[in-house]
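We call the chains A, B, C, D, E, F and G, going by the order they appear; numbering starts again at 1 in every chain.
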Amino acid sequence: MIMPMKMLEENLNKHVALLLKDNRILEGVLSGYDEYMNMVLEEVEENAESLTRRLGTVIIRGSNVVRIVPK
Amino acid sequence: MIMPMKMLEENLNKHVALLLKDNRILEGVLSGYDEYMNMVLEEVEENAESLTRRLGTVIIRGSNVVRIVPK
Amino acid sequence: MIMPMKMLEENLNKHVALLLKDNRILEGVLSGYDEYMNMVLEEVEENAESLTRRLGTVIIRGSNVVRIVPK
Amino acid sequence: MIMPMKMLEENLNKHVALLLKDNRILEGVLSGYDEYMNMVLEEVEENAESLTRRLGTVIIRGSNVVRIVPK
Amino acid sequence: MIMPMKMLEENLNKHVALLLKDNRILEGVLSGYDEYMNMVLEEVEENAESLTRRLGTVIIRGSNVVRIVPK
Amino acid sequence: MIMPMKMLEENLNKHVALLLKDNRILEGVLSGYDEYMNMVLEEVEENAESLTRRLGTVIIRGSNVVRIVPK
Amino acid sequence: MIMPMKMLEENLNKHVALLLKDNRILEGVLSGYDEYMNMVLEEVEENAESLTRRLGTVIIRGSNVVRIVPK
């Protein structure tokens, strides 16, 4: 058994892809998170409505997160 | 009587299919969960809008989950 | 006066029909529930968008439930 | 001053009409409720999308309730 | 400074108009409320989709309320 | 650093414009608020769907608020 | 590991871009925030539906925030 929060911990400083409720996808290095699944991603590339943008560092509010895929 | 959380425990390391609120279906091996129904699935195959994708490991935020079907 | 949770208890191991927020209907035997109205149904038949499917055992996240009808 | 929960208590075993968020209307005898406005109705007649159905006993999850009208 | 709950108290037994999230407007005498903004209105006239109806007493679940206008 | 609640306090008895989730804009004098961002506005002018109306005093449920702009 | 709230602290008095759930973007200087991600921005320029407006100081309710990008 691996707790979801433990899984986040194991992916610290690694590449992950975040799917948000509005279908936005953020790919970047996971540099932090908290108990609400608020997250800090760095070197982010965002895909939304077939548009790609480089965003650098991003703070994401956990309530918008659908799923996280380690890369 | 079987508690829903106990039912999740019984399905640890087994195949399950997760339906999310956006109609996305994730099938994979349940390797972890917590009290909010946050979950860790492995060897995931995702179906969304008639598209199938292999995702490997996925962390799902519990608030998006509709139902879980053991396979 | 009968408390809603007591009513669930009385329907343990009996047939119920669950209406979910996405209009999905799940019919099956109620084999468990908790304080959040998370539920375990067995021998489930699901109706969604005029499609019927046999699902076996299903764990439902309570936040999706609209109403429960004992059969 | 009459507290909303007290008003529910006064309508125990009386006819009420419940409006839900999906515009569904349930009319029946209020036989129970709890602090979340989860409710038990009996002898229910449901109106949804101009369709009337007799449902017998129904357990309603409070988060779906908009308003309650004593009859 | 007047606290919102204090403002409700000052409008007890007075006419108010309630706007709900589904654009429904309920006008009536405020006879009770609680900390969640659950409310009891009496002598209610409801306007929804340009239809007016007399409803008598109504219990409203606070989570549906947008704004309250004392009349 | 100025806390959001402190900022509300500094705007007591001053003109503010409130944007709600349904795109409604309420302009008026902020005469009260609480920890949930429930608010009391006075001398309110409301704009909704390009219609302007004078509402006098208004109690707003905090969960509907998007942003507040001091005028 | 950097906690999301710590990341906000590091961006105090710096330019950030806020994306809200209704796709509104607010750019300005972050002058305050709290544990719910309620925020105070100053010298705000808002983009909504391809319209740009200068708003000065803005208080944002945290529940509407999707992501924050330091500039």
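Assume a residue touches a chain if its C-beta (ideal position, glycine included) is under 8 Å from a C-beta of that chain, and two chains touch if they have at least 3 such contacts.
Keep in mind that what you see is a predicted model, and the values were worked out from it rather than measured.
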Chain E reached from chain C - shortest hop count over touching chains: 2
Please work out the Cα centroid separation of chain A and chain F, and write it as a whole number of Å. 33
Centre to centre, by mean C-alpha position, how many angstrom separate chain A and chain E? 41
Provide the C-alpha centroid distance between chain C and chain D, rounded to the nearest whole angstrom. 18
What positions in chain D touch 2 or more of the other chains? 63
Let me make sure I follow the ring: beginning at chain C and going to chain D first, which chains come in turn? C, D, E, F, G, A, B
Chain A partner, complex, touching residues on chain B are 12, 20, 22, 24, 26, 31-34, 38-40, 55-61, 63-64
Of all residues in chain A, those that touch chain B in their complex: 1-8, 21, 23, 37, 62-63, 65-70
